[in-house]
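Several structures are given next for inspection.
One chain, chain A, links the two complexes that follow: it is found with chain B in the first and with chain C in the second.
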Partner chain A sequence: MASTTAQPTLSFPRDTFAKLSPHPYLLAHLQPSSSASPSTRANGRSPTTFRAPHVNNGSLTHAEGSAVVRIGDTTVVCGIRGEILLASNVAGYRVDRSSTAPSSKPGYNETKELDLLVPNIELATGCSPAFMPGQPPSTLAQSLSTRVYSLLHSSGLVNGEDLKIWYQPPDLSDQDKMDVEDSESIEPEVKAFWTLYIDILFISLDGNPFDAAWAAVVSALRNVRLPKAYWDPDREMILCEDAVAVSKKLRLNGMPIAVTALVFRAKEQAPTGDNKYWVLVDPDAFEEGLCDESVTVVVDCTGGETKMLGISKAGGTVVGREQVKQMVGLAATRWAQLGPLLKG
Partner chain B sequence: MTISAEPSATLSHLYRADGSATFSQNGYTVIGAVNGPIEVQRRDELPEEAAVDVIVRPAAGVGGTRERHLESILQSTIRQIILIHNFPRTLIQITLQITSTPENDSASSKLVQASSNLPILPTLLQTTVLTLLSASIPLAMTLASISFAINSTGSSRKIIRNPTLEEFQAANSVHVLAFTSNGQLLVAESEGSFTLEVWDEVYEIGKDFCCDVTEPAGDDIMQQDGLDGNTGGMAFVRSTLEHKVSADLHWKD
Partner chain C sequence: IQICVNKMNDRRRINGPSGGTSAPVYSKYLSKDTKDLSERPSRTRNSNVLRKMFLKTGVTPSASGSAYLELEASKSPHVIAPGLASLSTSGLKLTCTVHGPRPLPKSAPFSPHIILTTHVKYAPFATRRRRGYLRDASERDLGVHLETALRGVIIGDRWPKSGVEVIITILEGEEDQWWGDDIGRGNMGVGEWGMMSVLSGCITVASAAIADAGIDCVDVVSGGVAAVVRPGAQGKQSTMLVLDPVPSEHQEILAASVVAYLTSRDEITDLWVKGEIGHENHRTPNSSFSYEDLADNAVQAALGAHRVLIGALKETADMKMRRS
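And then the complex of A and B:
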């Protein structure tokens, strides 16, 4: 294919070349004929350049928290709705902290056991030609939902205490001094939980869905204001205060961001080894179609040092220790860029 | 409830599939079957390579988003080890049925969407490799997989190899690695909070375990290594196959 383009009579315009033979097209960009020109990707970025992010918080009025994140041509809307789960509706829920209760076991995660965080990713919005509206969720959508779900829990981003609605029973022992046992201080009890429905809609998809989705989730969670909810003992139900002043934000543990890169190999079919390759960060849809191997690292640099919260790598053998180290370095620079925007 | 961390495997026990294997480790048991290369549906057909289809069925209920995620990890991994370019316009279909998972006292209420997707991943990967070997599908390499749980208390940290489910849940971070027989990292999945140094350490231990770094000169040494209690990942695959081959060729003696 490349030889035909050399003949002046049979030259293609750029986009025809890209459509006819995408792999040599990207390779020609990354491996320029003269060593003077730098290696750039077909989209004009260098292999380690990210796309510029744009974040807009709180644009959905009916959600408790929301964010619109745009990274290049990938645009994600994330809305978070809070619903109340009554503790009396939880089968086998126990308030006591005795040693036999399941909550006393190491590694018990109440937020997870009660499913208080429900992320869902919708790709069938017409965001890209690959996902038609009205179709059942594609494998990619389901896979992304699972990844967001497990990262939400494994990173411990949301503090479980913020989702509990407590009730302090009034101390009635003053009127009735007869019973000595009752006069002991009455423990406050959990009457209900907030369940956060995290809906992530892709408006347009041009590669790298996970990074954008996760950035939207983090930004929307930072934007959440839950109304003050309390247990009304007379009506025996949970009531919420209207006033915004008494509503409270979630206390999030740090601010993790995800950075994905793909590995583009010079030879499509050759066994790995002496093969030349490029690691392309923040890939677009064109590059995703040409690469098998992907790496995602999740980092949090809140405390000044780089803390890792996840690595996910599959599909190839190029990325080893050194490449992961480089990825973490790149992710730290991305954190400095994206972090202030997500705080917004 | 005793769970053996030692792996065990049975090969080619399903007669209607092209290849099959049962593999158990850490309380997880998975039956794998492979059919291929077979005819592919027109819309899934790939002109230059075989389509690889992985189906993961959970122990209870129908597959959900978690199974789709595991399938996509497995599919992209297996595409690397099968010589898919040798079978253009065909399908290689791998079905993995989880038959038992370790009992979990603290999370007994949730059967279908059970906790993390990582603990089962090494078992699924290992079953897949044994299944493919049983079907004699041409492979570029094999792989071995291992999981780690890391507990950090202050400055000291404890690395648990092949942790139980309780250890998995209580750990600061959990890691699943798979290495090819050439010693290259093929799959890496980590969750929880850790540092790059911890990951490097896990990488080294995993690599030592998965790829018997002390490459033996002759096969007889290999065999002895493979038969003792603490087998490496690759050595286990090898000794399992050697047992199978010697049992199959028993009539010759």
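And then the complex of A and C:
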């Protein structure tokens, strides 16, 4: 005789549901069946809420500048080391007098041509089970490094003049000569450049690596103190002074920040037209696995006006001009929140 | 002057200028000014006092277990004017993540016990001379010692066909000597004393991360380091035995030892000794320490680290109980 007891309903804890069927899990949060519960993301935030940032500067002893940025569970450490590049070691470089210098030509980005800024992102630190050490940089790490590199140069954040080490040769001409035509004074020349190695290591990764990495780079650059460097003609080398009083900080051009958002669609396969979607700002790792389309906006609100340094979107056709406009507005509020922290 | 010209042009990373760059040389290195040389740091603690240790678990929530360890940098009492950080004495900052127990890849042969893999890496900004991204011999050395220390502690039989990975990133490492003695002629004649403190820290932080991951162990292992040093000018004074040495505080280090010690069982899982302190027969009144003394003192240092470790793990356990 078959027993007719009712089948007990299966019920799992929330974490298990999230692992077994992530897409319906997130959709149920954003589109709750009862109108009483509010629409939120799986992590409890609204689609336009950022995670709280924490920034810490100057904690590394051997770095000229450093920053530790924690946004939610994503933690990143950025250390900047300065090294000297002698002008004589630059292939094809002619002595840089201020009047005939290649950098005096408009449009010539000397910092980029000479590779004076070297950012590198290292993800293979065990920051998440997907990124194990001992492997060469993955596609994600390479593309992140390249994005930071191009944003560094296109934003003009670092002033190339700060990286030059000048030398004023002594005037050894005959003191008696009073020739008027010969009165041109000896021009100072550039003997060497500072090269900044910007190394970004991820301690923990829970989504949105680019925003955290870029914030760490900006904060570390603000923290950099370059020692006073000069050319010693007797020893024929560059020497530095370690006293803080004669060291200098970099003069940075503005303070750009990056804001990334992903698009979550209700029906994964349906065409865009009749598909409900949500734009989720500052995504975590769970949401990254469920979304294809991403938008990143870089803004700088220094001086009160919101300037856009870059917009990039890829992966879908949902985001249009309206959504980008909204994102720029959100980015401006994020700038107001993050700006004072990055200033250090 | 070190010139990093031999950079294998790694196409997968952003490379610096092709001409090669060199680390900044400070005029203090080259000056024979006695004023600067008097800024040599010296040990202010007693010989049996350890530095303050900060240990916290759970820094990487997506990993099975993780921990962060920090030893404060010692401040020199003789510094005249504030100098840039790069000439100060560094502390020790390590993070450790543990991933596992995870199933082995299908291609791996059957293993009746857990396979432990360790990976230690210096960050490029961790030491005075910038390190590259490829692992070098000293990092592999540290990895092997760490694996030896942990293998004796983990109960491997409970996890057949599984692997566990312990990954340590060194954010700031101990240096081998005071910058004033390092006149840039390379590491000739200087042992790698900094690495011993780093290994001791690695053992302690890995132990915390493994406990955070909930992997069964017979005991909690902690690392300790002790050294025989000769303070002052060569040969003039007698030797001293100190716990938790900071290499830049001592002019001459004769020998050092690192132990990985299990407190409840009074056992050692790893012992590493470097240096020469002579045989029984050649013992002079000036150097009266034996290798046994050195190891015993390193065990004392490990006991000190053990106390901090237990405190941190108790906090972690309380937090996990409250959450579940």
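Going forward, the second predicted complex is superposed on the first by the 314 of 344 C-alpha atoms of A that agree within 3 Å, B and C clash if a C-alpha of one lies under 4 Å from a C-alpha of the other, contacts with A are read in each partner's own complex, and residues count from 1 in each chain.
In this text, a residue touches a chain if its C-beta (ideal position, glycine included) is under 8 Å from a C-beta of that chain, and two chains touch if they have at least 3 such contacts.
Source: prediction; values computed, not measured.
Partner contacting the larger number of chain A residues, of chain B and chain C: C. Within the superposed three-chain model, A:145 lies in touch with chain B and with chain C [touch as defined at top].
In the superposition on chain A, A:154 contacts chain B only, with no contact to chain C. Shared-chain residue A:325: touches chain B; no touch with chain C. In the superposed pair of complexes, A:82 makes contact with chain C only, with no contact to chain B. With both structures placed on the common chain, the touch criterion links A:282 to neither chain B nor chain C. By the touch criterion defined above, A:314 reaches chain B but does not reach chain C. Contact with neither chain B nor chain C is seen for A:211 once the two complexes are overlaid on the shared chain. When the two complexes are overlaid on their common chain A, residue A:61 makes contact with chain C while staying clear of chain B. Note: residues 91, 115, 142, 145-146, 149 of chain A belong to the chain B contact set and to the chain C contact set alike, using the contact criterion stated above.
Chain contact summary for the complex, chain A toward chain C: residues 58-64, 66, 73, 75, 77, 79-86, 89-91, 114-116, 118-120, 122, 125-129, 132-134, 136-137, 142, 145-146, 149, 195, 197, 199, 201, 203-206, 225, 227, 229, 232, 235, 237-245, 247, 285. Put simply, chain A touches chain B in their complex at residues 91-92, 102, 105-109, 112-113, 115, 139-140, 142-143, 145-147, 149-151, 153-156, 269, 271-272, 292, 305-317, 319-321, 324-325, 328.
If you check the complex, the residues on chain C that touch chain A are 1, 4, 12-28, 30, 59-63, 66, 73, 81-91, 93, 95, 97, 99, 102, 119, 121, 123-128, 130, 133, 135, 165, 167, 169, 171-172.
On the chain B side of its complex with chain A, the touching residues are 64-66, 68-69, 71-73, 76-77, 79-80, 85, 105-107, 109-110, 113, 115-117, 140, 166, 168-171, 175, 180, 182, 184-196, 199-200, 203.
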